[in-house]
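Below is a structure I'd like to ask you about.
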């Protein structure tokens, strides 16, 4: 029997290695897998590259992982959020590397990784600093840059409901990067609010089909 | 008497320009105010890059939902007919040319429509680009909402931007506290200006040549 | 008020011009907008390029349009279905041009058009006849071909339910090409079984957000 | 006594090879039979390229639904836990390397794993490729299910395919009525053969060198 549900956070995070690239869902706090991120401190993986839209806020979730010194690089579109103190401190101290990627390109690069696309041309960032060192090409009169797929070793995704096959639904704008990151990682771990029986999620309403998900863990809401 | 518009009035002026049935993205900050002044008889669909179409106003106190936020990470609501989708789908809308209009803030705008609104020359903090580059190149029309000059009186409209660009040749129309200016292939064409400034004075506050074939009066109700 | 519902097939199909590229949803008969295709004969547009997974069967729908001599080119993955008699006849007589595209590439090329992607690299068809005249590049040890976006002037899409904002849901495997084609055309016309009140389709369950849809028409099922 | 396997028996043999929890796409035609012989205690998720995951068996007579079909356009059912999605998402699964296995038919297979299964040298009818090229390059493993020779006794396994290729170096394992053969970097390795054929006879029916380090008996129950 296929059963992707796991009972403990230890089981959910087992096998994540030092040096991994970790895709972290969320836009601000909406859809951020805060509990998984904090448990990753105990799990012990270090030297991590984090791909996420923001660079954490306050001292919880992603910021806590950074504060614990586990993150060497952040790939994001917008590191400065209200209260991204930890990140800014580490950045000022030269302790963390930053790659800024336009938000749509960030998402599309992960989709490319998930969909087997070897690279794509986009006009976003062409003619700007962020496109400066990229291969360019004029297509239909518009300058485009070539972007490469962005693959994760692990995706930590916060969803709303999940079942034993790994099917997921999301809640409102907390959907954001979840569905794309789930596709783009070798190991996708989903934190859900509710576990549903198989078939309870209508096949018409599944947002992330289980094929993209490896582990599902039910966690209480913390905030 | 000073007839220069305040921010609410610039927002009001832009709102008058938005056609019934338009799909519109309002940039974070000042541009968000535009939503407050849409004429009551016009149905406009607001898009937020974090996965909302049909975004509604700020919820009543106590009705906020952390999973329902806008691109500025502030609580919002969703109108009937609205929908939720992933970041990838949201940026497909933006980058695929499906938005009729995007209203963005600006540090600088060039006479050829270049936009600089994400980084300055001396970034004491790590710069974030968010979705600005995607919106700038993707929306069918880009309006800029800005004060005509910086706080210390420097022109923001110039021959060439000195700050890092967000996009090249993307701006269609500039709405300031003093004027409404079209960016055309022939250059910057003043369409409207407030009454108590002469064209000469407006030119002095602008570091690029202005053309004035027929200038109307820019006025807004008291707001 | 935004109202994309139209009452007559004439209104639904108005403005489709000779020489148009028309994206036609469906996989076999599932999701094929048979009524719209047949009404297109009366509408009169000629010299059409049809993009569809198959090349019609029997003498109804797409096959009827072909039989009426309106189609000069078909872009599809699989022209030979059980009963694709009309197409085969026209093809043998040299009266219709054929471009065969791998099914995944067909869908991805339309998505690229809808999402503002200027081109993408895929290993599909590399080293085969269908990739023979395409730009190639080795990426991570695997040969890739460069594919270009495939845009429609019009998309004819069969959905299940629709509302006045143009939001759509689909039924089972009849979803197939609908959501992608709706994104990829300048004018998207959806044939639906049911019209819903605004808000009746849950924002979590909208499959095609209304931004991608121009006209919605309720048609009785014919077969 | 002839111990060559019939088609049902080849299907049975392949079914034994499919691991619990696998995501599997069965090509149109002969490979579809594999689903009938999956051991009862194994939960396998079948994918169909027209937008189904968790595809179930043929419906009972009278229960067919034209909107619920498989890639061969035949009525199917959906299991609990299954989901519907668009063609683009379906091919993202295929091309993104999310399928564990795909079973395809073949006209020819080369010793380096090239596959030819979509067009012949003399196509009297227009050729269709469908999803074959996407499946061939995208699935993690590709099994071929075929008769060892053509109807007129010509080898289908050869040094180089003479027919147009579907993909290069994509086949991992070949299951025929006479043998099970691994495609390895060292060449074609016979793993199993039916008892009443000698290795010499098998080599005579194969137009590429076979290696036989350790050959087991290929047998199947009476089906």
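Quick notes on this one:
Letters A, B, C and D mark the chains in the order given here, with residues in each chain numbered from 1 onward.
Just so we're on the same page, contacts are C-beta pairs under 8 Å (C-beta built on N, C-alpha and C of every residue); 3 or more make two chains touch, one makes a residue touch a chain.
Predicted model, so just to flag it, every value in this text is computed and none were measured.
Counted as hops between touching chains, the shortest connection from chain B to chain D is 2.
Between C-D and B-C, more C-beta contact pairs are found at C-D. If you average the Cα atoms of chain A and of chain C, the two centres end up 33 Å apart.
Each chain gets one centre point, the mean of its Cα atoms, and the points for chain A and chain B are 30 Å apart.
Chain B and chain C have centres, each the mean of its CA atoms, that are 35 Å apart.
Listed for chain D are residues 78, 84-85, 91, 94-95, 138, each touching two or more other chains.
Residue numbers of chain A whose C-beta contacts span two or more other chains: 108, 111, 115-117, 122-123, 170-172, 203-204. Listed by chain label, the pairs that touch are A-B, A-C, A-D, B-C, C-D.
Of all the residues in chain A, the ones that touch chain B in their complex are 27-31, 53, 76-82, 87-88, 91, 98, 100-105, 107-108, 110-111, 122-130, 143, 170-180, 207, 223.
Contact residues on chain D toward chain A in their complex (touch as defined above): 20-21, 23, 43, 45, 47, 53-54, 78, 80-85, 89, 91-99, 138. Taken together, the chain D residues at the contact with chain C in this complex read 48-52, 65-70, 73, 78, 84-88, 90-91, 94-95, 119, 125-134, 137-138, 164-168. Those residues of chain C whose C-beta lies close enough to touch chain A in the complex are 108, 112, 115-123, 137, 139-140, 142, 144, 169-172, 203-205.
Looking at the complex, you find that chain C touches chain B at residues 1-2, 111, 113-117, 163-165, 167, 183, 198-199, 203-204, 206, 209-212.
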